[in-house]
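So that you can tell them apart, the chains are marked A, B and C in the order they are listed, and the count of residues begins at 1 in each.
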Amino acid sequence: MAIPTLFLVSLIVFGLQKLLPGDPLLTMAGEERDPAVIEFLREKYRLNDPFYMQYLYWVRDVLTGDFGNSLRTGVPVSTLIAQKLPVTIQLAVMAMIFALLIGIPTGIMSAVKKGKAPDYAANAIALSGVSIPNFWLGIILIMVVSVQWRLLPASGYVPLTEDPIQSLRTMLMPSFVLATALGAYLMRHTRSAMLGVLSSDYIRTAKAKGLMPRVVVLKHALRNALMPIVTLTTLLFGELLAGAVLTEQVFTIPGFGKLIVDAVFTRDYAVVQGVVLCTAVGFIFMNLLADILYILINPRLRHPQ
Amino acid sequence: MKKLIISLLAGVAFSSAASATDFRIGLQEDPDVLDPHKARTFVGRIVFTSLCDKLVDVNSKLEFVPQLATEWSWSNENKTLTFKLRDDALFHDGTPFNAEAAKANLDRARTEPDSLRKSELASVDSVEVVDEYTVALNLKQADATLLAQLSDRAGMMLSPATFSGEVATNPVCSGPYKFASRVQNDRITLEKFAEYRDADDYHFDRLVFRPIPDSTVRLANLRSGDIDMLERLNPSDAESVRGDTNLQFMPVAGLGYQGLTINVGENPRASGPLNKDKRVRQALQLAIGRDIINEVVGHGLFEPAQQPFPPASPFNSEKFPLVERDVEKAKALLKEAGHESVAFELTFGNNTTSSATNELIQAMAKEAGFEISLKPMEFAAMQQEMQAANHEATQIGWSGRVDPDGNIHQFVTCKGALNDSKYCNEEVDKLLNAARATPDVEERKQLYDQAQAILMDELPIIYIYHQPWPFVASNKVSGFEPSPDGMVRLKGVKLEN
Amino acid sequence: MTAQVTTASAEAIAPKRKLGRAMTKFLKNRSAVFGGALVLLFVLLAIFAPLIATHDPFQTSFTTIRKPPSAAFWLGTDELGRDIFTRMLYGSRASLMAGVISVTIAVIVGVPLGLIAGYYGGWTDAVISRITEALLAIPFLILAIALAAFLGPSLTNAMIAIGLSAVPIFIRLTRGQALAVKTEDYVEGARAIGLPNPLIMARYIFPNVLPPIMVQATITVATAIIAEASLSFLGLGQQPPNPSWGSMLNTAKNFMTQAPWMSIFPGGAIFLVVLGFNLLGDGLRDALDPRDN
């Protein structure tokens, strides 16, 4: 099932890259534009071959496990992915945990207290979360927490395996910054879904039966509000795996986001191809996970008509 | 959870992460390949300065000083350049540096098909090992630029034993620091080379180069103690850095410039009045207040430029003083050329500084009757458009070279690799080619003056300001002297605790 | 047992009566009316920008660089001495359009595809899902640069790029809801009496999809306004010296400490617009919900 998607993705990305304006070798050459060298490299990287041949060569190499080397730095793409995947996953997991911890409880509270002060407050905070660009919030946090208070490092990444505490400390601010917008999405969806459920007949019946409100809320309503939350969480997590460019840039975290943006700007084809393939696997996996979770939430889906 | 938070915050005590002997430099970009013969980027040269020794170096006055060569001399009508090499230099793999190694490197730089030093060493006919520590370069014709090339990447020496290895990702040179590791876009780490001849003058165990592209973030990292020094401060931060007692601000005028490159060639995009008529270009120059750009966007760091050569260069000529802004004169010139108003498109590679500069140029030129439409572009796309002559005028810069030839020849000669004006004038070609082969400074300057006289009249490039290298360091750093080439030389630099 | 009761049990109600009742309900909802007023205010400001503006939005002035708010410059001036209030008025045009139109594109493309995928299932779903995954995996930047190159740099093309990049989330959200609802008894019932599929989708599935879509759409407006700025960097989006809130914020980040007003006002405006759209969206949701009282 994953194969057609990966094929489609690689073909589209390969094609799009070829269509982009800008010549990778000219871009790479920068101030050192030596025509002879450019022509030599064009031959070497088979850029003079027809498009489909370039693609076929690439597919052949990938099938033998060779993702090529970065045109810009000469580092193998597989090395780059191995270096950056753990960073990206750690950031994504921490950000998602924060987002869920912030988004779901406030969403529930907001729905239960609809039209009251906590609801207004939660909404205002959530919406400022999406309105403030991550870049901006990140810099403010660095200036206050790192420069003024000297509490957390402003940047840098320490692998979890090397020094777990320091690793968590460096990732604390970036994952929080990411979680502000994600948490806001989750909060707004949780609230909406909860409102829908809370006003439905069976919840009223449950209340009428004298069931405790908290039990009603958590056991019945939340379970049925989960559909959009599952969709959103899996999708957002996939997006996190594709890299959080601006946040990575502010906190100089060596993740996928910065890697791919740089690679696109310098037309470093092999890197773009490799990373996109990798993130495509992430999206496929997350979508699969979503479908499994749907069935767990709503067992009727197990027996399609 | 509480426990976790406490332990996280308790990390503060040992947080300012680095041990005392690390030195961390924030770079504006991530360097490219670490093979000096194939490398392209300016930031890469900053890393090479500590990693790879060269035959000669330049000091902060741009004079050539010994590095791997102790002395050099010209002979045979300036067609032979002979270097005496030091006998105590070692490569990081322990092999000795000698004339054989020097020849191997120069030959590699001259012959590898993807060497970017080939054009820099084009005048070299052969390299000859005279004795163990003497090497001679035989030239096809006299070349005044050669020593300058050898003071940069073309003169960097790799261990010949490692030529067949992965030089780009694991360079083995002979500098005071050796390559340790690299994580692309994150850091390049060098370790002290204990057997280095002047090892005692290098006070750090490790150098960490950290690419941090956003200048605001770079500065925040310096302020929080996550790096010790940064290159290229954003001018808008100059004020606040000057007022910060924890930081030292060390700006230095660089070798490069920023300017407007105008398409004056024979191509479809060069059909407007600006492209066709030099009077219109002269009017444009009169409409632009270079000092206003310096004040408003450069915050005093953008020294106005009239010529391609830096003010400190002996080739910067007093014959071409700064053209001051004169809107009335500009209007008069436009009228003389038969125009009430002239419209053109100005392309630029987008970032906030260039955007402000160009919006300012647009506003200033409007007062003289120019209708400029601004076209911000992504850099890769812009470069291709320029080379393909698919632009009317472009605001772009040049990082600058030690030798004057590097700042002018390839931009305005008919076949120049970077001639994006598509300007072509045989007289200019003749003068600049002659200047290349003239070692005598005074004589050479005459030639450049003659060429400049033509260029100042025809204006294929309007120079706007000299590119500064504003370094900022924590005040714990001592002994650093910024140099106009923008490099970071760490000899004698210390970091107090 | 709880699994049998699901999110919504929207019974079909005659549309006209429903609309009238919804209107009354909406007008009674104070926060919804407030949200609507807020949006309306910004729309009016954008339309009448030239009449309200106190200065020329492009007029640079070397004597008034980065001045704090004052009687002459209500919201201060920027790095080239231009009036921020005036630039924000003009910028609201680009930003509101970027926000609303790109979200509209995303909804128009995403919701029908999601409905079809979720309702029909099987290979239809498989094809749409694979395309969604592919769309998700393609970096936004590549899409944007390609569009800028081939359609030309303009605000419209920026909106298309932003809209396309938001399509997958609408497909997935709609599909998820459609999956949940299509096993409901009333949908099965409708199918049993032979109602055509498009009608079932429109009448029974779509109302249940609406709440999360509404939430997502109103919140994506903010993301789109901010994304527009990052595109002007690529030559897409609003071109300098024309202002947009996003590009004003972009410039302001270099002056965060020296001139905080340069970032606070555009940021605040984005917040208010998004607040307006969200309150409006909530109000509409409540008003159209047949069960709520």
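Points to keep in mind about this one:
One rule holds for everything that comes next: a contact is a pair of C-beta atoms (placed from the backbone, for glycine too) under 8 Å apart; a residue touches a chain by one contact, two chains touch by 3 or more.
For clarity, every value in this text was computed on a predicted model and none was experimentally measured.
Any chain that touches subunit A and also touches subunit C is listed here: B.
Relative to the centroid of all protein Cα atoms, the closest per-chain Cα centroid is that of A. Most remote from subunit B, judged by the distance between CA-atom centroids, is C. Computed from the mean C-alpha positions, the centre of subunit A lies at a distance of 20 Å from the centre of subunit C. Inter-chain centre distance (subunit A to subunit B, centres taken as mean C-alpha positions): 37 Å. Averaging C-alpha coordinates per chain places the centre of subunit B 45 Å away from that of subunit C. Counting partner chains per residue, subunit A shows two or more touched chains at residues 20-21, 139, 143, 265. In subunit C, the residues that touch at least two other chains are 145, 149, 253, 256-257.
Touching two or more other chains at once are residues 216, 378, 381 of subunit B.
On the side of subunit B, the complex with subunit A involves touching residues 4, 7-9, 11-12, 15-17, 30-35, 40-42, 113-116, 118-119, 166, 168-169, 182-187, 210-214, 216-217, 220-221, 223-226, 378-381, 383-385, 387, 398-399, 417-418.
Every residue of subunit A that touches subunit B in the complex is listed here, in rising order: 20-23, 26-37, 40-41, 44, 70, 72-75, 80, 83, 139, 142-143, 146-147, 150-157, 165-166, 168-169, 172, 249-250, 252, 254, 258-259, 262, 265-267. Residues of subunit A that touch subunit C in their complex: 1, 4-5, 8-9, 12-13, 16-17, 19-21, 115, 120, 123-124, 127-128, 130-133, 135-136, 139-140, 143, 181, 184-185, 188-189, 191-193, 195-197, 199-202, 219-220, 223-225, 227-228, 230-232, 235, 238-239, 242, 260-261, 264-265, 272, 276, 279-280, 283-284, 287, 290, 294, 297-301, 304-305. The part of subunit C that touches subunit A in the complex is made up of residues 2-9, 31, 121-122, 126, 129-134, 136-139, 141-143, 145-146, 149-150, 168-169, 172-173, 175-177, 179-180, 183, 188, 211-212, 214-216, 219, 222-223, 226, 249, 253, 256-257, 263, 267, 270-271, 274-275, 278-279, 282, 285-286, 289, 291-292.
Against subunit C, in their complex, subunit B makes its touches with residues 215-216, 234, 236-237, 239-240, 292, 295-297, 350, 352, 355-356, 358-360, 362-363, 374-378, 381.
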